[in-house]
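Each structure below appears as structure tokens.
Below are two complexes that have chain A in common, paired first with chain B and then with chain C.
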Partner chain A sequence: MIDTKQKTTLLLLSPAIIVLVMVILGPLIFSLYSSFTPFKLTRPDSINQFIGFRNYVRIFGDEDFWAAFVRTIVVLTIALNLEMLLGLGLALLVNRATMAQKTLRTIMMFPMMFSPILVGFQFRFMFNDNIGVVNNALQSLGITQEAIPWLVDKYLAIFSICVAEIWNSTSVFAILILAGLMSLPKDPLEAAEVDGCTKWQTFRHVTLPYLMPFLYIAMTIRSLDIARAYDIVQIMTGGGPAQRTELLWTMIARTGYVDAKMGMANAMSYVAILLSIFFTVFFFRKLNQARHQLGVGL
Partner chain B sequence: MFPRPIQSRSSNYQLAYKILVPVALFIWLLPLLAIFMTSLRPAADINTGNMFGWPSEFKLVENYLTVFRESQAVTYFFNSIKVTIPTVMISVSLACMAGYALSIYRFRAALPLFFMFVAGNFVPFQILMVPVRDLAVQTNLYNTVTGLVLFHAAFQTGFCTLFMRNFIKALPFDLIESARIEGVSEYKIFWYVVLPLVRPAIAALSVLVFTFVWNDFFWATVLTNGEATKPITAGIQSLNGQFVSRWHLVSAASLMAAIPPVAMFFAMQKHFIAGLTLGAVK
Partner chain C sequence: MNFAQSNVYQRTLKRVGKVAYILILAVTLMIILLPGLWVFLNSLRPINEIMAKPPVWIPQSLSFDHYKAMFDPVGSGGVPVLKYFRNSLIISLSSTLIALLIGLAGGYAFARTHFKGKRHWFLGLMLTRTVPGIALSLPLFMIMAKLGIIDTHFGVILVYVALNIPFTIWLIDGFFRQIPIELSQAAQIDGCTPWQAFWKVEFPLAKSGIASAGIFAFLTCWNEFAIASQLTRSIHSKTLPVGLLDFTAEFGVNWGGMSAMAVLITIPAIILTFLVQKHLVSGLTFGAVKG
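Moving on to the complex of A and B:
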């Protein structure tokens, strides 16, 4: 019996493992090794030259890198919080609808279906200072006369990128929260109503705790996505002007491919991954706490 | 009942709700509307700065036809289909198998293996770009649809396994145990007991993976370089080069590229939401 079980396990697992080892683990080890070398794509033999932690030491003194690091955290914080609030609002609104809920749900999901690169193109066009829709609208409404340099000014460019990110991905929050709302148990809500709780109290002390696991799952997924944001930033500003909107991954891509310092870029990647790991662990712990509060084990 | 149906509320409340929903939806879809309006405009509107007002002329059919005629959008579109559908099938079936093994059998390596699958999700793809490209070139898979399918499937398998494992773990274990006592073989349990039960999860996962792969831009640019294998996302970028500042055509093309995921979601959304609900709390 045990033998057949072991055989089944092996047979069921091995295809997935083989694939993962070949395409992810192998390349990963290669890139970790190359972060200890001055590897350049233009000089393939440089891979054999071992320089220890020199790349990493250099990163710690690199102001541009830390600026991008901080910028990534800022974008992540702004985008995550706004996405959560907007997603919660949208989900509550759609959940109340009795008519055409299916259509409303699909409309709610639209932005998520668009590839980040398409969203990047669209928003670059909308925020364009001459022909963009945003400036045209502001001018025809008489709010401003001049062309606002949305993608050129340092702060406005970060703002525009956040807007695109938020529009693209609020749906992730909305759909997960909606799934949570639809699975709410009815009893505690009825009990709260019988006990004369106000609507706000019911929401705050009954609905919200049930939604917390869903919120944290969405947070985990999105924090990983934003921490490695690349497409939208690359398309909208390319990290410019003068690297002032550079986030971690656009910077790493530039170091690796434009400056051809692949070893350095890989070292940067490993420092950048720490950020992802930190956020994942953080939200996972929050998720477990929220689940324990509800009395559901892992 | 919660949420209380909107009909049972006071009329003021109903009115407020009826106004609020369309307003929220309008703001939500504003960027999309802007793109759609742009895709209807004649080129003259964009050059004269009529970006926000009513189009001077409706060019819906002309614009979309131009995209098809002047570019290889149709080829790109079919490439995307050829890449996406096999990928979804491969990665979801691998994930069902691995997820079943990881959640039903107890063995010492189960947890480390599970963490390996989880860790696969955290790896930013950019790190893997050079080695994966080398691997593709060495195995003659560079610039082929097969190569794209295999690599995409590999990258999605980690996430899919994580998803399926959580689902199967949430199934009542007694069911499997009693089937075993009846003497049903392990494969039959997998095929006739577990798979039918996780059907909503499979549907939800398929929609997600479909969207991920369809929308992928990064691997499309890393692993292909010819017109014959380029999927639609990479295709849009070259259209952007080809249709310089012809924004109406770029908009039309990007709207078309988004149709399949939207259709997919609309068709599967009941299962999709059921799937998400099951996975999140348990």
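Moving on to the complex of A and C:
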């Protein structure tokens, strides 16, 4: 009896497992192997040459790689933190609304409906130094006479990319935090008020701890697809000008497809994959911790 | 006297707070809504107005010219939007359907049976989603080039099915867990086979949840760029997001045409997201919360 049941389970799961092994796990193992070869698309034989860790050694000695690595971390840290703060603000704002809350919630989700590639396009259009609405507005208002090079200057380009990224993903935080706020039990809040807590104290010591699991869920979900920033960067600056906005992912694409150095690109990929897994596991752990601290079966 | 004064003070404070609240809310809504509306507005404006210096703030002539050009057999400025639209539709619909079937089986297995290391399998499934698309595209490109399925619908569909399986299983598992197992047991006591009990009792109850899992999968395919940009190379399989970049390859960017195409990509996405809105939070938190 138990045996047939296990057979059924296996049968039901096998299509999923087969496809995942074929399309994700298998190729990943292959790319791990090829990261130890000097494989170039232009020289197909080079896949058979084993060179050990030479690709990795070369990457770790490469200044451009480290620049992109650090840039990726900085952009992610800034973007995720601001998204969390703005998302919290947005959720509190919508939660306070007494009228049309449902409409506000829908509007709040609006940016989530855009794919990253479209968000990148929007902001590329708006930040265009010549015809973009941002520069046009600044010039019409007389704030500046010159065209500000939003996507050309090193720092401004990173700033613009962050703006696009934050615009796109703040709603993920807002929607989850709002879900937390709406499920907030009323008793502790009333108890805090009776005990003479100020609004800030109530928020800091009652509301916020309760929201923490929701924040970490949002972080976990976001860390699952942080690499979506690739789409935004690719359409906004393409990693340029002169690689000054290059993130790990655009660097992988350029090394692999433009320079045709597949082996090297695969080695970089593994660094990027480990980074993603690190982020996800980190926030997943935090999520479990927060849940245990609250002691509620959320 | 003092009491009255403080009362007035309190009331003014409250009123100022309310005005400030509405102001902040209005500015926030504007930031959220304006970029999309700006693109929409510009999809209706002629190129010379978009490019005008000094800028034209009040639109002088609005028309559907960019849309007409887009649906022209030749395409908008040489970009065959209609063909890309067709590719996107074929790829997204087929991979959603297949992922849904596989996810249905997998999700049901997760919800209804106990097996060793279930939690780890679940985490493992989730981790496959952390692989950045561009990193995954490299080996896929090498293998598919060897097999000769680069630039075909089949290749992209296969990848998208795999991309959607983890999340679909995750969602469907959640929906089935909400249906009491007793229902299926009762049906089986009444003489149904497990297969019949599933299709006649449990499936109809989970139907709306499964539909929203399908919408989530469709949206993932519809919006995906990183992998498609490498695996699709020509008019035969390029999807809309990849095709959007065709405009930038030209000498002068056709902002109007690009805006119209952006609107074309966004509208189905907006409608579908609207439909799954009530599942959005639960969809996002399933699994992550229940663990």
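Observations, loosely collected:
Operating definition for what follows: the second predicted complex is superposed on the first by the 291 of 298 C-alpha atoms of A that agree within 3 Å, B and C clash if a C-alpha of one lies under 4 Å from a C-alpha of the other, contacts with A are read in each partner's own complex, and residues count from 1 in each chain.
The definition used in the following text is that a contact is a pair of C-beta atoms (placed from the backbone, for glycine too) under 8 Å apart; a residue touches a chain by one contact, two chains touch by 3 or more.
Bear in mind the structure is a predicted one, so any value in this text is a computation, not a measurement.
Considered on the superposed chain A, chain B and chain C are sterically incompatible, since they clash. When the two structures are aligned on the shared chain, A:A91 is found in touch with neither chain B nor chain C. Shared-chain residue A:L13: touches chain B and chain C both. Applying the stated contact rule after C-alpha superposition, one finds that A:A253 touches each of chain B and chain C. Looking at the shared chain after the overlay, A:A267 reaches neither chain B nor chain C.
Of the two partner chains placed by the overlay, only chain C lies in contact with A:V172; chain B stays clear of it. In the superposition on chain A, A:N288 contacts chain C only, with no contact to chain B.
Of the two partner chains, chain B is the only one touched by A:T4; chain C is not. When the two complexes are overlaid on their common chain A, residue A:S223 makes contact with chain C while staying clear of chain B. Applying the stated contact rule after C-alpha superposition, one finds that A:S115 touches each of chain B and chain C.
With the contact threshold set out at the top, residues 5-6, 8-9, 12-13, 15-16, 19-20, 22-25, 27-28, 30-31, 90, 93, 96-97, 104, 106-118, 121-123, 125-126, 130-131, 133, 136, 140, 167, 175-176, 178-179, 213, 217, 224, 227-228, 230-231, 249, 252-253, 256, 262, 266, 269, 272-273, 276-277, 280, 291 of chain A are in contact with chain B in one structure and with chain C in the other. The touching residues of chain C, counted against chain A in their complex, run 21, 24-25, 28-29, 31-33, 35-36, 38-39, 42, 50-51, 53-55, 57, 101-103, 105-106, 108-110, 113, 115, 123, 125-136, 138-143, 158-159, 161-162, 165-166, 169, 222-226, 229-230, 241, 244-245, 248, 255, 258-259, 262, 265-266, 269-270, 273-274, 277, 280-281, 284-285, 288-289, 291.
Remark: chain A residues 4-6, 8-9, 12-13, 15-17, 19-20, 22-28, 30-31, 41, 89-90, 93, 95-98, 102, 104-118, 121-123, 125-126, 130-133, 136-137, 140, 167, 175-176, 178-184, 186, 189-190, 213-214, 217, 224, 227-228, 230-231, 249, 252-253, 256, 262, 266, 269, 272-273, 276-277, 280, 291, 294, 296 touch chain B in the complex.
The touching residues of chain A, when paired with chain C in their complex, are 5-6, 8-9, 12-13, 15-16, 19-20, 22-25, 27-28, 30-31, 34, 39, 90, 93, 96-97, 104, 106-119, 121-123, 125-126, 130-131, 133, 136, 139-140, 167, 171-172, 175-176, 178-179, 213, 217, 220-221, 223-225, 227-228, 230-231, 234-235, 249-250, 252-253, 256-257, 262, 265-266, 269-270, 272-273, 276-277, 279-280, 284, 287-288, 291, 298.
Residues 1-3, 5-7, 17, 20-21, 24-25, 28-29, 31-32, 34-35, 38, 46, 49, 51-53, 94-95, 97-98, 100-102, 105, 107, 113, 116-117, 120-132, 135, 150-151, 153-155, 157-158, 161, 186-187, 190, 211, 214-218, 233, 236-237, 240, 247, 250-251, 254, 257-258, 261-262, 265-266, 269, 272-273, 276-277, 280-282 of chain B touch chain A in their complex.
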